[in-house]
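As structure tokens, the structure follows; a few thoughts come after it.
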Amino acid sequence: MSTQLESKPAGVGSDAAELTYREAINAALEDELESDPAVILMGEDVATAGGVFKTNEGLSDRFGRERVRNTPICENGFVGVALGMAVTGMRPVVEIMFSDFLPTAGDAIVNELPKYRFMCGGQCEVPVTVRSIGGATGRFGTQHSATGESWYMALPGLKVATAGTPDSAYSVLRAAIRSNDPVVFFEHRGLYGRKGPVRRGDDNIAAVGDAAVLREGSDVTIVATLLMLDRALIAAEQLAENGVDAEVVELRWLRPLDTESVRRSVEKTGRLVVAEEQVHAAGWGATLISQFAMEGFEWKSRPRAVSLPDNLLIPYTPELEDTVVPSAERIADEVRAALK
Amino acid sequence: MTTVVETKSGADQRTGWYRRMLEIRLFEDKVQELFMQGKIQGTTHLCQGHEAVSVGAVSAIEARDYLTITYRGHGHALARGMSMVAAYGELMGRTSGCCNGVGGSMHLTDFSKNLIGAFAIIGAGLPVAVGAGLSAKMRGTDSVALSFSGDGGSNIGTFHEALNMAAVWKVPVVFVIENNLYGEYSPIRETTPLDDLAERAKGYAMPGVIVDGQDVDAVHAVVAEAVARARAGEGPTLIEAKTYRYRGHSRTDPAKYRAEGELERWKLRDPIVILGDRLGLSDDERKSLQDEVQAAVDAAAVEAEQAPLPTLEEIENYVYAA
Amino acid sequence: MSTQLESKPAGVGSDAAELTYREAINAALEDELESDPAVILMGEDVATAGGVFKTNEGLSDRFGRERVRNTPICENGFVGVALGMAVTGMRPVVEIMFSDFLPTAGDAIVNELPKYRFMCGGQCEVPVTVRSIGGATGRFGTQHSATGESWYMALPGLKVATAGTPDSAYSVLRAAIRSNDPVVFFEHRGLYGRKGPVRRGDDNIAAVGDAAVLREGSDVTIVATLLMLDRALIAAEQLAENGVDAEVVELRWLRPLDTESVRRSVEKTGRLVVAEEQVHAAGWGATLISQFAMEGFEWKSRPRAVSLPDNLLIPYTPELEDTVVPSAERIADEVRAALK
Amino acid sequence: MTTVVETKSGADQRTGWYRRMLEIRLFEDKVQELFMQGKIQGTTHLCQGHEAVSVGAVSAIEARDYLTITYRGHGHALARGMSMVAAYGELMGRTSGCCNGVGGSMHLTDFSKNLIGAFAIIGAGLPVAVGAGLSAKMRGTDSVALSFSGDGGSNIGTFHEALNMAAVWKVPVVFVIENNLYGEYSPIRETTPLDDLAERAKGYAMPGVIVDGQDVDAVHAVVAEAVARARAGEGPTLIEAKTYRYRGHSRTDPAKYRAEGELERWKLRDPIVILGDRLGLSDDERKSLQDEVQAAVDAAAVEAEQAPLPTLEEIENYVYAA
């Protein structure tokens, strides 16, 4: 058993700096804008005051307001613009201010980005990254609280990535931007202030498709993303105090889905809890569990999910929002139940 | 201007407008205070400076007419007669709120007042207003729909789609764009190739009208005329009200992107002061109205706060109809 | 063991007429337009020439071009219009010509319809039906071949329905239109010419949320929707010739999801094959299988899925389209594998 | 009109246009035949009657310029110099096709000719063209983008969004609406509140131009002028070409919704005949060109058909870049 920081498999070493998740995003954007003139950042208010969530601080000053470009409010339109740029030699990063607005760009994200290369018989590459900023706990109400992470995992042609720690924010976002395929990259607003070690540099660019074991353990595997990853790590520390040794896997990519890494972990632990900030239906948790069921995996105890309730939406009411979004305690409880 | 409008614009009614604009101003000012106290959480989009638009326009429709607003909608909801308790309650997430506290600041909706939707997604309200107007027409009523949106919102697809459908079907709907010169942090000319959004009406062969959004009489007049046209079956109108928001876009925005002196210049044409002057209100009269409304605002906030929180069991009933 | 027709649990009796799936849709629309003046039908070209797929034959003549209304091409816009009509006393049915265009109406379908009632604290009902016509085998190419059926099952507030036979087309569509909640109802273009018995009348309105056992059997449960349901029934007949007795369950509703009926069936058979015209990731098949895994269901043999390949999109190339979309033979093969 | 245009409009070039229009006409006529033989499946959207628009416009851009088209795009692809074999091959789903047969009739794309996309979703191509133009500008080239769409497509949100972005960023892009009076089965005035879609340019402070889409010279001239403006950094133009499709919307459509005599009236102004007359071509010359092109069309179809089908393994490589 080891602590969160020591257990990071790659990237985080002695030369790591403590950055917030927000700063890590900023660093990834800066390093990619710096390293490739084809990279640009566009979206609503991305160039002003560091962007609405301050992730873009300093970027428009440094790279100019052409390469860091404010757009009109028209998500479907500007994702389409990014596509046109991508197939003519640029590498756009598009910011979608709230993941809830992804469906506003629904056609571009579902029908254009993933299908473009295929429909033209492989004539082009589509290096577009869509940064999607989402998640509950902000008291933003029902139309501004989705993570959206599983919505697009049923689309071959697309890649879907997430980040649950500052280091993965840095390394996964850089990998997304470097991908020659379209990637939707999910950030969680609730994590922006979270601090952690980030090793900044070209040798810390995540491998596309790889999950990361952020905490090793032998009793149970917790698979999580985004804010739930953060809470899973907290749950694991709490459990450790009670002698429960949880392995925490960050599922950084939902497409391609790293069933392999999860399998390695559950082969060791025999138990699985998925922690997801979404209903269980049609999500990555169900996809993983179904996969193992179809393989005939033999569990020590049946797999479990901590998810959003299937019969509710996210309310504004602060107290109820906190009840609805899974806490570290609920994750720990589910782990305990798995160990009974 | 039609007779209807003339009748409505009596001095009594305009004193009512003055009071209502003041109520909106002080309501919004207090929201900031309640935030500091942690009684309101999340975000909120205040409308100080816009009062003449909401009050002037909403006063031009009847109870049977429909209204859609946006996340920047406290003023319109109050103008429509929502009680401050219901509005504060909603912002506080309590059952005193118009939506029992689950909607929050961006979703002040009240079907009992035909305020049928408050939208947090840009552009989403316009087609809904068209639907309400079309429904009114098909059901053989003479109700019209009034829909508010922003300058930034005039660049999203649904704006175009809604105006096109409204025009081709001659739907009784009036679209009011509150052009406050900014969409979040972006000044209009950074995102939009023209200053006068009423121009966009031409793409739908629809009348487009520009009005001084700081002048409640003017707003009322043009909206009343458009409502009369709609009610007479002559179709939709696009009205652009030029206005300005005194605060930043939302709670976390200090609005540093504004040109120096811009805010101050706009404050010289404060809509409440303009109407007060026209009504010939003395300083004393203004002061005593101010005190009276402030007391009502404070009392409403206290009352709203007394209400219990909604329970999980209650809100489960809001997901599906029984 | 019984044949498809005899085994229909409800609705299809001696007074059933042979109708095509297309005619069944038409009958459902006609009966609902007839029974409630608040019902209207709108969409692109719905009122002309019977609609693009001739499902609306005669409706605009009978009910007029106000109630059967052609719209401009603007899916997000006219679904929003339907919403506005629904909350002011009407009961609109909206036709989306190809399910692939649902994301074009993404905001209306994801953020407005399902959330509206919730966000206003239950003040209104939202009786909107979105008819979504989809599916492969038509050689329509990559942007016109999705079924889309699982895309929206992660949205509390919405109901998601499908029809795989003429009788379910009739009875489920009528139920959808009568629902006071928004429903996305999926039709499969490849089934329009399919004939089957349909009992027309007010007593054949499906119960919301109920799956239907279309063929009883004891060896294995096949769960399917839309075209795959049709193919599953064919597969079951083929298997019967080899002495394999398959039960075929039509999963008419994905939300609410009728795990109960499927559980009853698999408790009998101990074996499950899901047949889906979609990738397995984030679909109803994975959701069901995960659900049973989490319940610790004990299978006689591990559950299986016949799905679209995860590494491909639907090509135009006719021969390849046929290879990619699961056939009755592939379903039968998978059943045989489950029985080995 | 700029000098560039003058130079281009020589008699030789115009004879080339005549031949190209004929090629498009006969190509499309043969598609129907190939359908009957089961050699083309699914659906297809033919463009007989539109030939002057595609040829007139596409001939006004250079090789370095970008082009986006729609499902009704066979004519534009051929106008851009795609070989008929590559086009037929695509319609037949064979590896002789420009997309190796996986795209089909609606997706004639050829990056080697900067024909960067053919869109089956209404409105989707316009933002992509804006992106290509913006990219050209940012990369310091003087390439422009030319984008085709339809009258029905001018009602969808992305049309509005694309034109707005193009205007506010002064993107070098030229939008051509082929107004053939119908969107599928619906005549324009059933879905759109005006006849002249060029009016919509006003909402973006952009020049809007109406041109006779049956007159290849006229189309060429206005597009060339718009291209010159775009290349000079003066921003986008919206061009509406009034035209007509002779066939139904798609394969299954007998187009019974048209007014009697409408088709016949339009055929009196056939774009190929008009140019033939202007060029003073004799009946014999026309006949021999027709035979020559017909032979080429027939040969291309035969050649396209010889190619093998793509394999599953091949097309797997089209999903993700290596």
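By letter and in written order, the chains are A, B, C and D; residue numbering begins at 1 in each of them.
One rule holds for everything that comes next: contacts are C-beta pairs under 8 Å (C-beta built on N, C-alpha and C of every residue); 3 or more make two chains touch, one makes a residue touch a chain.
What you see is a predicted model; the values in this text were computed from it and never measured.
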Practice problem: Weigh A-D against A-B on C-beta contact pairs and write down the one with more. | Solution: A-D
Practice problem: Please determine the option from A-D, A-B or C-D whose contacts repeat those of B-C, over half of the contact pairs being identical by residue number. | Solution: A-D
Quiz item: What whole-number Å value describes the gap between the mean CA coordinates of chain A and chain D?
Solution: 41
Quiz item: In whole angstrom, what separates the CA-based centres of chain B and chain D?
Solution: 45
Quiz prompt | Between chain A and chain C, centroid-to-centroid distance (C-alpha), Å | solution = 32
Quiz prompt | Euclidean distance of C-alpha centroids - chain A vs chain B, Å | solution = 37
Quiz item: So which stretches of chain B touch two or more other chains?
Solution: 101-103, 107, 119, 121, 123, 155-158, 160-161, 164, 168, 190-192, 310, 315, 319
Practice problem: Please set out, as single numbers or ranges, the residues of chain A touching at least two other chains. | Solution: 71-72, 74, 76-77, 100-101, 104, 107, 111, 118-119, 141-143, 156-157, 311-313, 315
Practice problem: Would you mind writing out the residues of chain C in touch with chain A in their complex? | Solution: 76, 100-107, 109-111, 114-115, 118-119, 141-143, 150-151, 153-154, 156-157, 255, 257, 278-296, 302-305, 309-313, 315
Quiz item: Contact residues on chain B for chain D in the complex?
Solution: 155-161, 164, 167-168, 189-194, 199-200, 202-206
Practice problem: Write out the stretch or stretches of chain D touching chain C in their complex. | Solution: 41-43, 93-94, 101-107, 119-123, 152-153, 155-157, 183-186, 190-192, 253, 256-257, 309-310, 312, 315-316, 319
Quiz prompt | Residues of chain B that touch chain C when the two form their complex | solution = 66, 68, 97-103, 107, 109-111, 116-117, 119, 121, 123-124, 126-136, 138-139, 145, 157-158, 160-162, 164-165, 168, 310, 315, 317-321
Quiz item: Hey, which residues of chain A end up touching chain B in the complex?
Solution: 44-45, 48-49, 52, 70-77, 100-101, 104, 138-144, 311-313, 315-320, 323-324
